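In the two assemblies presented below, subunit A is common to both, partnered first by subunit B and then by subunit C.
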Partner chain A sequence: MVENRPFLNFLAHVVLIFGVVVVALPVWVALVASTHESNAFLRGTVPMWFGDQAVHNYSRMLGTGISTSGMPPVGWMMFNSLIMALGVALGKIAISLTSAFAIVYFRFPFRMAAFWIIFSTMMLPVEVRIVPTFKVVADLGMLNSYPGLIIPLIASATATFLFRQVFLTMPDELTEAARIDGAGPMKFFRDILLPLSRTNMAALFVIMFIYGWNQYLWPLLITTGSDMYTIVAGIKRMSTVADTDPQWNYIMATAVLAMLPPLLVVIFMQRLFVKGLVETEK
Partner chain B sequence: MKRVFFNNRWLPWLLLAPQLIITAIFFLWPAAQAVWQSFLREDAFGLNTTFVGLANYKQLLNSSEYHNSFWVTFVFTTSVTVFTMAFALLMAIAVDRLIKSEKVYTTLLVWPYAIAPAVAGILWWFIFNPSIGILTYVLAQVGIRFNYVSDPTDAMILVVLASSWSRISYSFLFFLAGLQSVPGSLREAAAIDGAGPVKRFFTITLPLLSPTTFFLMVVNLVYAMFETFAVIDSTTYGGPAQSTNILVYKVYQDGFVGQNLGSSAAQSVILMAIVIVLTVIQFRYVEKKVAY
Partner chain C sequence: MAQITIENLGKVYPGGTRAVEDINIDIADGEFIVLVGPSGCGKSTLLRMVAGLESITEGTCSIGGRVVNDIEPAERDIAMVFQNYALYPHMTVRQNLAYGLKNRRTPKAEIDRRVAEAAEILQIGSFLDRKPRALSGGQRQRVAMGRAIVREPAAFLFDEPLSNLDAKLRITMRLEIKELQRRLGTTSIYVTHDQLEAMTLADRLVVLNKGRVEQIGTPLEVYRNPASAFVASFIGSPAMNLIAARAVPHLPGTGHAGLIGIRPESLIPSADGQIEMTIDAVEELGATRLVHGHVGGEALTVTMPADADLPETLRLKVDPQDIHLFQAESGARLARA
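So, the complex of A and B:
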């Protein structure tokens, strides 16, 4: 702050409160809607304050779901999402760590070629190669399975570059000392590099967990059986049904449940989250 | 660069194997397939496939539907990028002023990042619902009939709002970091020379922020072009009358719903070319750190 200008400070508060309200509005409306009964929405406008059906709505969705639409219980879809998010996050971290280790600590023929192949994943988002990728997964018999949901998503140039960056800043003396003490490459990797990159791994985990949980197109394509639906992809199927028979309270309860886990991760691990976000874009 | 290396012939390849194999099977091979498919055409029953050269591309470039999709994508990505960044910058400037309450406001502004674009779409779809949406109701009170189901402009507004909303926190964090790295001494010097807050912002802060702005512009463009599929699919399905059918959504519709594989593949190839250009721009920038 250069000089004290109370009016500008006041204006800043006004702007921010406005911003916070705008940002929070959709979630507020969903949260309120999820606590009413179905016929509360027949009156023409959405209620703006909480109803008393919260326990009923949430326990019904978690336990049985809307059975008429052939949807599995939301609790089950959340479990699928959890497996997928954990699998994607841990898988990305694991294979990126080893690739970055190979690229930084070894000299071997075609090293740059390997680097460019990894880089190429960045230029081929799943959205632009939907049909052929679907076909590959189908040919491998991986439709409707956790490996099918997870493995095609775990190749990651960003994570590899992040760990490469981290490893490049490790002093060479560490490697020398380890070698003099007779440690082989894998021992060095496990006992020195991994512990030193713990915070980076945690930060990346936060980002990749959110990424995995929020996947939409991929699960939508490859989960044709309802028992494999993830919640983010499942909620849309639910809303399609709702167009004819609106059960807004249930849909909004599902929406709230779909956003809850990643939201908790961001709120309670905000520092790691910000670190991960900034680092993966370097 | 490292001076000390391990010597091992096969270990590095073993370490790289999982990443390379996954990349080859699920990225490179499908991409090559898309390129190959784009030169082929299947007959109506999917029985015969013939090599047709560039015919699929020619057809696309002459199709008014594809031109429309390009235009829609242009309007959509530009609106999302400008709207997101303007809102985020405004918030970042305000937070940057208020040292005491910075943490609270930051927390209150970053959480939408956690919400999936598909869920964001559903939330906005709900509050703009033609029959019970709360904002539709408010707009109706001031005499505006908002109906994204029938009105192309309203549909575009809906998808732009939903897409921007889920992206504001990201730009906000980067702008805030950028603002906080502007040296205080520069602002003070300008203040002593008699420059007011507005002048200081435009002559000092904004120029120094230009690398961040440029970076965010590219990243948000990529986001709006490729990662908003979920928003479109959970709200308008590209409609009404193709008014929100962005390129990424059209690839999916033509390939999966319409089963027009040749055309869908050609569209994929065109999109890949666009991503490659954008990624190259992004990386050249990151390497050089273009300062003002």
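So, the complex of A and C:
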């Protein structure tokens, strides 16, 4: 805003604080609930301040987990999620980098057709193609395995498109200079393109890591053994227990723990992330 | 070091567009050739064909006696300097210089020696470990030249290397390039649209227009005896006055309409001059002034000393030696009788 009027400042703050409250309230409730006893949440009034069971709840979840519902410890589910999120993020980056490289730098028949086919898969997320995908993964014997969790999510039109745009902004002279300098296509890819797309890769990694970490429907569908549960799908499994009340304190503690890794990734990669999204100078 | 021979070279793009046609140039070892012409005349295309960045569709190009039509740019033993420098932004100056040599598996000690030598020649030693983005335009241009020098190629190819620099820097760099080329004695082809740059740098000029060679010659030859009306108007600043003439007497091809060309500096103010010019406008250049006016319906430009008086009408004379004649339709030069 150009003007500096106290009333407008005040109004802006009111609106922003309201927004923060709306967004943060559920997180707050989760955080608070994770520090109470299991029945505190079921008494009718939701507690709004911390209880005294934090150490007990968290150590229980990180240690043994809720064995009654056949759940593995949270640590193990987080490890599964980590493998999946890393696999999805790194796999997406690797595949989309190479396909964007092919589309931008090579002239082959049906190049544009290939691009548009990749592009059109943007309209087909996992949820849409879930039945055929399940069938394929099942036939390949990849149910209940890390490859089964990762591979169906690994192709990414969005990332391919992003890298295509990045490569299109690289000056042609750079390619030509490399050609005269005796760099073949793969050498050019490795020595010039990869280092120059570093920040974009970081930005994409953040987005895709969170995407992979937050995957819910797919892991829920294909993980049947408890040793393959991912944490987000695990939370859901904890809350649907038969013949008893859900143990909200444990569930909320798990939810809070599940929020941490994406948060850490964002915090530590924020600088690169922002740079990757706004940087235009090559 | 090598001579470059370009024979009947032509380029037709897949769509049928013709960029250059029937180019023949013999470049001697160590010669500095400047390709000059207006934008779109095919000069960059020609250079890129020599470099191997554009395929050759007609004719042959040979470097050092070897036909290079189907040889990769990296194996043509040439080095190129680009208009926007094309330095690798993520590498330091040193890495930029060394990259081409590393790809050729030059031994480490040899790379270091050549980089140090190039840095010495170009005075870029003090920022060898900086990234290109920390350098000024002039410094980047030096690095770009350094990258060419370390390769010790048979030929340098320059693609408008000074266009991105400011006017003052352009003049100093121009001198440096000339001096450097003379010292290294490397055959060079230099593309520019700036006729002044072309005149000052070239051993020989190649004036191109619409994909064809209009004239090849030393700067003075081209200036004194332009082969066509196009060359006459393109080379020399201010441009030559070209006046339509209904008939040109005493010359072969009489009866054809012609063009009379007189350079602004050949028109000399004189009390007994036959030409009476009405002055329309005056441009002050400091040392000289350009006087624009008209005689009959024809516009004329005259270069005059800055301190001369300016009457309403100017009486001018011209030495018959300084009159150039061209055919109207083809623009070709007509020999004097």
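The rule we apply is simple: the second predicted complex is superposed on the first by the 258 of 282 C-alpha atoms of A that agree within 3 Å, B and C clash if a C-alpha of one lies under 4 Å from a C-alpha of the other, contacts with A are read in each partner's own complex, and residues count from 1 in each chain.
Just so we're on the same page, a contact is a pair of C-beta atoms (placed from the backbone, for glycine too) under 8 Å apart; a residue touches a chain by one contact, two chains touch by 3 or more.
Being a predicted model, the structure only gives us computed values, none of them experimental.
S.K.: Answer with clash or fit: subunit B and subunit C placed together on subunit A by superposition.
M.R.: Superposition check on subunit A shows subunit B and subunit C fit without a clash.
S.K.: Quick check for you: in the superposed arrangement, does A:267 touch first (subunit B), second (subunit C), both or neither?
M.R.: A:267 sits against subunit B, while subunit C stays out of touch.
S.K.: Regarding the shared-chain residue A:191, is it in contact with subunit B (first), subunit C (second), both, or neither?
M.R.: second
S.K.: Per the contact definition in the header, classify A:180: touching subunit B only (first), subunit C only (second), both, or neither.
M.R.: After superposing on A, A:180 lies in contact with subunit C but is clear of subunit B.
S.K.: In the superposed arrangement, does subunit B or subunit C reach more residues of subunit A?
M.R.: Of subunit B and subunit C, more residues of subunit A lie in contact with B.
S.K.: Identify the partner contact of A:6: answer first if only subunit B is touched, second if only subunit C is, both if each is, neither if none is.
M.R.: A:6 contacts neither subunit B nor subunit C.
S.K.: Roughly how many degrees, to the nearest 10, is the angle at subunit A when you join its Cα centre to the Cα centres of subunit B and subunit C?
M.R.: That angle rounds to 90 degrees.
S.K.: Go through the superposed model and pick first if A:251 touches only subunit B, second if only subunit C, both, or neither.
M.R.: A:251: touches subunit B, not subunit C.
S.K.: Which value, in Å, gives the least CA distance between subunit B and subunit C in the superposed three-chain arrangement?
M.R.: Between subunit B and subunit C, the shortest C-alpha distance works out to 7 Å.
S.K.: Report, in rising order, the residues of subunit A that make contact with subunit B in one complex and with subunit C in the other.
M.R.: Shared contact residues on subunit A (touching subunit B in one complex, subunit C in the other): 176, 179, 281-282.
S.K.: Which stretch or stretches of subunit A touch subunit B in the complex?
M.R.: Per the touch definition, subunit A meets subunit B at residues 1-3, 5, 8-9, 11-13, 15-16, 19-20, 23-27, 29-30, 33, 41, 44-46, 48, 94-96, 98-99, 101-108, 111, 114, 117-118, 120-125, 127-137, 140, 151-152, 154-156, 160, 168, 172, 175-176, 179, 184-186, 188, 210, 213-217, 220-221, 232-233, 235-236, 239, 246, 248, 251-252, 255, 258-259, 262-263, 265-267, 270, 273-274, 277-278, 281-282.
S.K.: Which residues, counting only subunit B, touch subunit A once they are in their complex?
M.R.: Answer in residue numbers: 1-9, 11-13, 15-16, 18-20, 22-31, 33-34, 37, 87, 90-91, 93-95, 97-99, 101, 105, 107-120, 122-127, 131-134, 137, 165, 168, 170, 173-174, 177, 184, 187-188, 191, 197, 200, 215, 219, 226-227, 229-230, 233-234, 248, 251-252, 255-256, 261, 264-265, 268, 271-272, 275-276, 279, 286.
S.K.: Which residues, counting only subunit C, touch subunit A once they are in their complex?
M.R.: 51-53, 72-75, 78-80, 82-90, 99-100, 103-104, 133, 147
S.K.: List the residues on subunit A that touch subunit C in their complex, please.
M.R.: 171, 173-174, 176-183, 187, 191-192, 195-196, 198, 281-282
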